[in-house]
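In this document, chain identifiers A, B and C correspond to the written order of the chains, with residue numbering beginning at 1 in each.
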């Protein structure tokens, strides 16, 4: 594997949409340059209309760039070859309502070139892995939002891609589902996959991403690792047992004598989503119990019987 | 790596075609065939009341082909538009085209799926018509043998061939609708324009035969151009001869079939060209 | 300028598609032209001026669109409805409309002429007061007039079916059954019988008409020639009946044994 080729390389990307015959243009992406290295989890953030979806569509070859170059594992994104190793979960997943879950995943597996000999096993594995075995023979049109997300995941992963693009994967999903999704992303990362994720839910992005980029009005505002961007290097936090007022005052004086300032005294807080998860019974299935996210993503090289014991890197 | 690392695949094309066919079946597009079948049987019964004699067979054949052409054209236009636009409007095209698939595979796959749907429709309609004619002709032969001195009047082989030619004509129509859909924004626009195209193709021969009679040079050029741009659907109008016992020239049928196949390929190719940069 | 440029860019695909279609049309013309000539030759010219007032716009477009057969069938069924109502003007108009739309089926010419020649005189008699009240001269006049209309109509049919023996036979029948004109009927039976596709009875009836006109010698000579041409294995040819007639005529004409017809 050639590790020097980034998973996604975007250089000087600009995308204009012509909105009227008079030539008035809408610039959706403006001179964007960034790189996603292989094996990273990369968050693409921004408010509505910032150009995230447009950028993703260009990466997937669904739109053409007006100016600039976009490559996926070194292959220009407009070429069919660039999508060979890409799995895509669209925002508000759109699937064929008249197909059953099993038929849908099987269809996409065949489109992506999964060999016939491995087809049945692969589809069964991935449907089982997303926890939809019981509903696999029902039509997709009868699925709930959460089930649609899961089947969307299944179709994105069935051909064991190296790059997975998740567009707002937790939009409209409850906290348990969001937590499951986060765990999935981390598992994909442990398998050496590259994940590009867009989301409005910044708390989730914080938990899973290695690097993030923030777009606004099509422009790149900031890009870097989370630690670089949000870590406060000029501050330290010490978590201690509750102190009486006199001891706090003594501590303040001691710090002052050494030229330091006690800036704030606060009560540490757990996150609300952590409290929620601790109280909800379904959340007990996370992290080692049967259900979504508990096993390794089925790999095309690993037979079903040994999947739970293996966390090997996927093969193309 | 070049784009040829993922070469054009007829397997993927067939996959999309079969998925499109499945969609048509599960959306119960064929249910109306039941009504049509009932209508055909009822009309055949209706003609008996008039005592047309052996000419009753001509009436059954004419109405059968009329129903085939009328409903077949409507089905072709609406099914092509619907089965293509459902991908765009439901945005399943987004998920599909994000896979390693050529846009040409997508367009031709959709076409083949619709063509199969229409093929089933034509086969069932022609099959039912032939069964009705065979049965009724047998009854008339028994009742009035003098009118059938030379044996059966209806040429069932010709009936079948004309049915195949109508299917091919619907294929050309479907390709035209697909071409319109490739740049159209709505299903409704595609359907309406498709019907306009159908009428123009049926009347194309008027432009073709009368362009030299037009006075204005500009108008004459436009009329002449129109006669080249649109295919001539009157060429497929061979069903009138069936009921009168005239034989179908195999060379003529071959030419018409080849004409249809070439047009399907060209128009399909133009649809791919038009769709290539469409932003989903 | 940006507007024009943008418009041109948008129209570029459309222009290329139109050019592609035109190129395909031109390239396919050598394949299509002979096929179209043959298809067109099977479709008689549509005499739209004579009928468009009787039709709605939609039906006119339907005719132009190539649905002549089914439109004609539809109007034939309508003809039957007005025929059931004994509506002479409507029936006559409808009959002519049907063959103006689609003159190809012989069935329309034959049955239309029968309605004109056989049914309409009775309708006129009924309308004039009935068989008991209407004088014979008037009845005969009605017969004559309707028969002439029917024969004119059938002669028009020859324009589209110049060799059709059934039309000739229909004319002969009108002369024989309605006008009682044996000579004219015989003439037309003879012409019809000459056609290879004519029914076998045409020749037999011609011979009978010759006998009726007391031209037994001609009838005998005709039947002898006819017998040799008839197939032995076709019951419709009724070869034995023809032989019977030959023997009858030999008896009536006292033909010598040595000269009698040998099979």
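A few points about this structure:
The criterion applied here is as follows: contacts are C-beta pairs under 8 Å (C-beta built on N, C-alpha and C of every residue); 3 or more make two chains touch, one makes a residue touch a chain.
The model shown is predicted, which means the values in this text are computed figures rather than measured ones.
The interface with the largest number of contacting C-beta pairs joins chains B-C.
Remark: the per-chain Cα centre closest to the mean position of all protein Cα atoms belongs to B.
Seen from the C-alpha centroid of chain A, the farthest chain centroid is that of C.
Rounded to whole angstrom, the centroid-to-centroid distance between chain A and chain B, based on C-alpha atoms, equals 47 Å.
Note: centroid distance chain B to chain C, computed from Cα atoms, is 33 Å. Here the spacing of chain A and chain C, counted between their Cα centres, is 80 Å. Of all residues in chain C, only 13-14, 16-18, 20-22, 24-26, 28-29, 31-32, 34-36, 38-40, 42-43, 61, 64-70, 73, 77, 80, 102, 104-107, 199, 234, 236 touch chain B in the complex they form. Looking at the complex, you find that chain B touches chain C at residues 50, 52, 55, 58-59, 62-63, 65-66, 69, 146, 149, 179, 183, 199, 202-203, 205-206, 208, 225, 227-235, 237-241, 243-244, 246, 249, 252, 255-256, 258-259, 262-263, 266-267, 269-270, 273-274.
Residue ranges of chain A in contact with chain B, taken from their complex: 17, 57, 60-64, 74-75, 79-81, 83-84, 86, 88, 90, 93-99, 107-108, 110-113, 155.
Interface residues of chain B facing chain A in the complex, by the touch rule stated above, are 1-3, 5-6, 11-12, 15-16, 19, 22-23, 26-27, 90-92, 94-102, 277, 279-280.
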